[in-house]
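These notes are about the structure you will find just below.
The chains carry the letters A, B, C, D, E and F, assigned in the order they are written, with residues numbered from 1 in each.
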Amino acid sequence: MRLSEFAAKLDDRLDTEAYADLDASANGLQVGPSPDAGAAGSDPEVDHAAFAVDAAAETIEATADAGADVLVTHHGLVWGGLDRVTGSDYARLAPLFEEDVALYVSHLPLDGHQELGNAAGLADLLGVRDREPFGTLSGEWIGTRGEIPGGVGAQELVETLERDLDVGGGGVQLLDFGPAELSEVAIVTGSGVDWLDEAIDAGVDALVTGEGKAKVYHEAREAGITVVLAGHYATETFGVRSLQRLADEWGLETTYLDRPTGL
Amino acid sequence: MRLSEFAAKLDDRLDTEAYADLDASANGLQVGPSPDAGAAGSDPEVDHAAFAVDAAAETIEATADAGADVLVTHHGLVWGGLDRVTGSDYARLAPLFEEDVALYVSHLPLDGHQELGNAAGLADLLGVRDREPFGTLSGEWIGTRGEIPGGVGAQELVETLERDLDVGGGGVQLLDFGPAELSEVAIVTGSGVDWLDEAIDAGVDALVTGEGKAKVYHEAREAGITVVLAGHYATETFGVRSLQRLADEWGLETTYLDRPTGL
Amino acid sequence: MRLSEFAAKLDDRLDTEAYADLDASANGLQVGPSPDAGAAGSDPEVDHAAFAVDAAAETIEATADAGADVLVTHHGLVWGGLDRVTGSDYARLAPLFEEDVALYVSHLPLDGHQELGNAAGLADLLGVRDREPFGTLSGEWIGTRGEIPGGVGAQELVETLERDLDVGGGGVQLLDFGPAELSEVAIVTGSGVDWLDEAIDAGVDALVTGEGKAKVYHEAREAGITVVLAGHYATETFGVRSLQRLADEWGLETTYLDRPTGL
Amino acid sequence: MRLSEFAAKLDDRLDTEAYADLDASANGLQVGPSPDAGAAGSDPEVDHAAFAVDAAAETIEATADAGADVLVTHHGLVWGGLDRVTGSDYARLAPLFEEDVALYVSHLPLDGHQELGNAAGLADLLGVRDREPFGTLSGEWIGTRGEIPGGVGAQELVETLERDLDVGGGGVQLLDFGPAELSEVAIVTGSGVDWLDEAIDAGVDALVTGEGKAKVYHEAREAGITVVLAGHYATETFGVRSLQRLADEWGLETTYLDRPTGL
Amino acid sequence: MRLSEFAAKLDDRLDTEAYADLDASANGLQVGPSPDAGAAGSDPEVDHAAFAVDAAAETIEATADAGADVLVTHHGLVWGGLDRVTGSDYARLAPLFEEDVALYVSHLPLDGHQELGNAAGLADLLGVRDREPFGTLSGEWIGTRGEIPGGVGAQELVETLERDLDVGGGGVQLLDFGPAELSEVAIVTGSGVDWLDEAIDAGVDALVTGEGKAKVYHEAREAGITVVLAGHYATETFGVRSLQRLADEWGLETTYLDRPTGL
Amino acid sequence: MRLSEFAAKLDDRLDTEAYADLDASANGLQVGPSPDAGAAGSDPEVDHAAFAVDAAAETIEATADAGADVLVTHHGLVWGGLDRVTGSDYARLAPLFEEDVALYVSHLPLDGHQELGNAAGLADLLGVRDREPFGTLSGEWIGTRGEIPGGVGAQELVETLERDLDVGGGGVQLLDFGPAELSEVAIVTGSGVDWLDEAIDAGVDALVTGEGKAKVYHEAREAGITVVLAGHYATETFGVRSLQRLADEWGLETTYLDRPTGL
C-alpha cells in the first residue's frame, strides 16, 4: 500500500478533517514524503507499520530497528506548527529523515472516535453500556459516557484500572467525592479534567480520566462528583492499538511499541 | 487596618500591577467591598486574616469559622472573568457575601516574587545559592534558579521533599534523566513543567516543579535533564505562608488553613 | 415553579440563545443559584417575581421588600463579564446574595421580540399595522417597522407619546425633517439611533426611538427623515410588562416596579 | 499660508499624533489636496477659514458661501475610514470637492487639550481652579478636573450653563445625587458619561458633561455623585472657538458658523 | 437606465455579494451617488459607459472626454477602505466628483466568473475544453482549468499569447519546467502565481498567469510544472470587455479605453 | 568555528533580533542542529560555507556537492512557519538532513543593513552618496536613499544596471515618469514597489527596485516619479556576497552559488 493511501484510509476512518481547526496537533501524515509536490514529491510503499502512544526519539528508533516504514502515534512532534527546524525539533525530525520513516499522527480524532478511540477502549474495559458521545471541543466530541450496569464501587473501579492498565509507579489516584456506588460515568482520556464542568452538568457519578490538575480537587469536592485519575499514558493506549488492528486487517505487518512513562 | 490599605500594601509588596496583563487570575482584591464606588462602596476593618493555597468552599467556611475578615490565597475564584454569576460561581461567592469575608488573591506575582514567593521558599528548603530569577512569562519572572553547593543526589533530593513537604499519597515523582549529582537547579512551582524548554536551554541539571504532564517524559529523557514532580499543592504553600508572616508583622491576627489535596 | 424552570421558559419564549454571541449583556439567569453545579448547586422555588426596566440598588431593594424571589429586568448588572467582584459590582451583587433574590435579564432578545418586545409594545401604542422586523444586529432583529394607517402628523405623534409614556421632565424631542404626514415608521427603542442609516435606507418617514446622540441631527436633516426621541426608559417599559403578563398566566404572584429615570 | 502649513501648525499645537491610534475620527486634514502625492498633489492657499462644531451639508455650504478655503470642525465626516464613496458619504464629500473646500478635523485632541480644548473652555466658564487633566483613553487625556472655589449649588450651576451655553430647547438635565454644595468637579464634554466610573473613583462631587445615557441614572444615584447634562453641542463649541482665535492670530480671515442642534 | 439599476444588474450577474468578505477591493459601485441616503442621495441616468482595466487619472479623464457617465474597471481606487481623503486618494477622486463620473469596480468577482471573467476569456483564447473552476480563495473561485485538446508546445503557447495579447515590451516569460506537450492547464490571471501550489497539487502541466514573483522559479522547477507569465494587464482585459458586451446588449453606448502598462 | 558561533556572529552583525516580529521569514539558523536542546542537541563544526540568493533543491545540492557545511541564503525555506513536514517542505528539507547541511537565512535584516545589505550594494554600484536609511516596516529599515552626484539620465541608469547585474532575459523595465535627470533616488530591492508611496512622499526622482506589480504603473505616472525594475534576483545578490566576504575574513572556505532566475 502506498503511504498516501495508508494515510487517506486512516484520515477517512478517523474523520481527521473534522478536527483540523480545533486541534493544535497536525493530524494525519505529519512528517513524510507525499505526492502533492509534483515532481519533487514521492509516495513510498508501506509494508510494515509501527504503533506507539508518543512520537519520540525512543519510539522512532524502535520503529527503524523494527524495519517499519511508518510510525503511527497519538502524540506527534508538531504542535501549533514549527517556527523553524532547529534544537529539539531538528533532533527529533533527523532520525525520521535519515531512516526514511514517515510519521502519521491522530490526536483528538483518536480521542473522540466512538469505536476506535481512547475513551471507547477504556469504556470497553469498564463495561460501560448505553453510550453517548461526551466532551465537546468546538463542536466535536473527544470522549464518551454511559452506564455501568449494576454500578461499581469506587475502590473496585480503581482496582480494575490498576490491574488492567499500565498505570506506572504512582497508581491510580481517586478523588472520592461522589456516591458510594458509581453507575453513570463520563470518560475523557489524557488531560480530560478540563471537561469536569461538563461532567458535573451532565450529572454523572464519576469522571474517569488520565492526568490531574490542582484545581480539580475542590471543584470535584464541592460538586460531589468522583474523579478517577488513571494516568495520561495508561488511558491512551487504546486508540493506537485499535489502529494497529485496522492495519492488521489491511494485511500490513505491524509492531506495537509499548513505552509507558508513568505520567 | 482598612481592607483597602491591606490590599494596597500587599499589591505594592508583590508588584501585582506588573502581572496584570499576563495572568488569567484576577490578582489583588478579588471579591469584596472597596471604596472606589462612591457612596455605594465601603472599606471594612481587617483585624484577622486567613491564608490558604486554594479559595474554595472548604477554606472560605474555615475562614468564617475562624472569625477572619479576609482570606488570602494563591488560587482564587475568578479566572478570565465571570460571564455571569450562576452555578458553581454563585455557590462559591455566596459564603463570601453571607459571611462578610473578602478574598485577596496573588497568583503569578506570588510565584515569581524572589523573596516571598513559592519558588523562593522551595529554594530556601533545598539550600539553593547564587540565585537568579528564572522562567519568563511575557517579560515577568515566575520562578528562580541557582546552585546547590556541593550538589545533591536525585534520590536524596526526593527524600528531602517527601520529608518536608505535604506531598500527599502519591509521593514525589522523579524523571531521573540528568546527571547523578544535581548542582544547578531551576524551580517553578505548580504547573512549572511548561518551562522545561527554558530549563534545558539554561543548561541546568534539574527542574523542580509541582504537577506533571505527559509530554514532559520524552522531552526530559532526550535532553538529559532531571525533572522532579513534588505536587502542585505541596510546592505552593510557601508563598501564602510568607504573606502570613507579613501580616503578623503588621500586627494582624492570622490563621493558616492547611488543606492539602494530594494533587 | 423552580427557578431553573422559570428561566428556561423565558429563555425559550424569548429565544435567548439566538442573541448569545451578539449582546454584551449576559441574558437569561444572570445572578442566582442553578442546579448545574452538582451538589454545590441549588434550585429555589419561585412564587413571586418582580419586574423592572433596570437592575439597580433601588429595584433590588424593592424586590426584597416585596418578598419576591426573582427580579426580571431589561438592563442587568453584568455587561461584558465581570473582571473581579469589587467596587460597584460588589455593592450591587451584595443585596441579591443577602436577600436571596435571583436576577433574570433579557436585553436584546426583549428588544427584538416581535410580540412581547419593547418595539412591539410601542408599535401597539402607535397603532402600527403591517409590521415587519426591523433593525439587524449580526443577523438578529431588535426592532419593528410598519404603517400607521392614514398617517399622523409629527406633532400629534409627539403628543401621543408624551401623554402615554413616562417620558420624564424633558419631554419628547422631535427632529422634524421628514414629511408633514408620517405614515411609514421604524421603531427601535432605547439607543435605537444607531439604526438611523438602516431607517433611511428602508425609506421610512420616521424613526421612533429612545435617547439621542449628537451625530443624529445632521444625518436626519440631510436625509429628510424625522426622528422622534421619547426617552430610553420610557420606550423600554413594554417588554418587561409583557413578561409580567406571562408570569401572571403561569400563576405566579407578580409586582411591577416603576422607577422612571428621565433619561 | 499654504493648506499643508495650516494643518501642520494645528496638528503641532493640538498634538494630533498622540491620538492617532485611539480615535475613530481621522484627525488632522481629513478631506483635501496635499503635497504628499508627488505631481498629483497640490497645496492651495488658505486665506479664510471657517469654524463649526459639526461637518455637515449645512456647514459645508455655509463655508463655501462665506468664501472660506477650509472648514475646521470637531466632528468630521470620516469615522473609522470609508469602505467606499457612495450614499451619504458621497453626498457630503461632493460639495467639498465641488467648492474646493478642505476639511480639517480635531476630535479627541480638541476634547483633551488643557488650554484650547472643550473641557478647558467649559472649566473657564465655571471658574474651575487648580486644574488637572481628567478622563483617560488609552493613556491620553480627554477632559479636566479641578475645584470651584467656595463651591456652588447644583441649581446655580445649572442656571449658569443654561444662561451661557446654547443648550437648545431641552435645557440642562440634572441628576442631583451629590452633595448640596459642589466643589470638586470633573468635566468631559460630549459623550463624557462614559467616564462616570473614573469620576466616582476620583471622588469628585459632580461630573459635568454633554449628552446622557440611560445607564448613568442608577450609577450616579448609588455612588452619590451629581451629573450635569448640558448637551453635546452646547459643551463642544469651546474648542473650535479657541482654534478660530488661533487662526485670527495667524492673520487669517475667520468665520464662526453657529449651528446648534439641541442635542 | 438609472445608475443604481446599472450597478444592481452587474452585481447580480457577477455575484458581487459572494466576494464581499474576501476581497480588499470595494466591489460594486465604488464611487458615485446612490439613492440609499434619503433626500441627500440621488440616482443619475446612465446612457454611456466606459470600460478599462485600471481606474486611474488617465482613464477617468478619458471617460469624461468621451462623455460617459460611469467608468467600469477591474482595478478600482479603494482597496481596504480609505483612512482619509487626502493625497493621491483626493487627487484620483477629484475628477470623478468634478466630472460627475461614477466608478463601478469588479475585481475578484470578475476574475472568477466562469463565463464573463478574465480566466474564462483567456481560456477561450487558448481553446481550453472540459473546464472546471480553479483557484480558491476563502471558498470562492478566481480562475479556471481544463484541457487543450491535442496539447500544445510551450513555445507555441507563448507565441499565441504574444500575438493575441497586448503583452507590452517585455514579452511573455516562460518557466519551461513541465512536459514538452502541455495538455492540462490552470489559468489564474493577474497575480495568479500565488496559486502555484494548488496547480501543482492538481497535477496540471502548466499554470498560465500574469505577473511573476521571485519565489515561483524554484517552486516550479522542483515540481516540474511550466509557468507562463503573460503580464498582469494583458491577461485581465477579457473581463471588462465581457462587461462592455453586456452593456451593449442593454442598449447603452459604450467605450473601451485601452491603456496597456507593460506590467 | 562551531555552527552556533557562526550563526551568532551573523545574527549580531545583521541585528537579526530587531526584525524578529515583522518578517515572515525565520531569520537566523533556520534548519540545523543547535546546542539548545540539551543532550539531544549538537553543534557541528563549520569549515566551509556556501552562499546563494535562494534556498532550493538546486542550491542545496550544490552546497553538498561543494562539501560545504552550511548554506547561507536571502530567501529560505520557512515562511510563516511549517504546519507540518510533508510535500514540497519535506522534499526541500530532506537533502539538508541527509547531507548534514545547515541553513542560515537572512531576509529583511539583509535587505535593510546599511553597509552589508542588498540596497547598500546596489547604491554602491550606482554611486549614491549622502545616504540615509529608507523604507520602513514596523519601525525597521529595509532600503536606502541618497543622491547620485551630478544626476544621471534614466536611460543611462538602465544601461548601467543591464551591464552590471544579472538581469536575465527580460532586461530592465523603465517607468519613465520622473524628471529627465535623476538625482535623488530611493532603493528597496526585491519587491520594493510596495514602498512607492513612501518614495513619492520623500520627493525622490526615482525608486530603483526589483520586480514589478500592475498597480505601480498609474501610481508612478500620476505622481511623476520614475520607477526602475531591475529584477528581484538581480538586485538581491549584493547581500549574500557581503556575507561571503565576512566569512572569508573569518577564515572559512566559501563558495558562491550563482543561480539567476530571470525573475
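What we mean here is this: a contact is a pair of C-beta atoms (placed from the backbone, for glycine too) under 8 Å apart; a residue touches a chain by one contact, two chains touch by 3 or more.
Computed from a predicted structure; not experimentally measured.
Novice: Rounded to the nearest 5 degrees, how far is subunit B rotated relative to subunit D when their C-alpha atoms are superposed?
Specialist: Roughly 120 degrees of rotation.
Novice: Give, as an integer number of Å, the spacing between the C-alpha centres of subunit C and subunit A.
Specialist: 49
Novice: Any idea how many Å lie between the Cα centroids of subunit B and subunit C?
Specialist: 45
Novice: Taking each chain's centre as the mean position of its Cα atoms, how many Å separate subunit E from subunit F?
Specialist: The mean C-alpha positions of subunit E and subunit F differ by 31 Å.
Novice: Using the touch definition from the top, which residues of subunit F touch two or more other chains?
Specialist: Within subunit F, the residues that touch at least two other chains are 36-38, 40-41, 57, 88, 91-92, 200, 222-223.
Novice: Can you identify all of the chain pairs that touch?
Specialist: Final set of chain pairs in contact is A-B, A-C, A-E, A-F, B-C, B-D, B-F, C-D, C-E, D-E, D-F, E-F.
Novice: Subunit F touches which residues of subunit B in the complex?
Specialist: Of all residues in subunit B, those touching subunit F are 200-201, 203, 222-225.
Novice: Could you pull out which subunit D residues touch subunit E in their complex?
Specialist: Residues of subunit D touching subunit E: 26, 28-34, 36-38, 40-42, 57, 78, 81-88, 90-94, 97-98.
Novice: In their shared complex, at which residues does subunit A touch subunit B?
Specialist: 54, 56-58, 75, 88, 91-92, 169-171, 173, 190-191, 197, 200, 210-219, 221-223, 232-233, 236, 261-263
Novice: Over in the complex, which subunit A residues touch subunit E? Could you list them?
Specialist: Within the complex, subunit A touches subunit E at residues 36-41.
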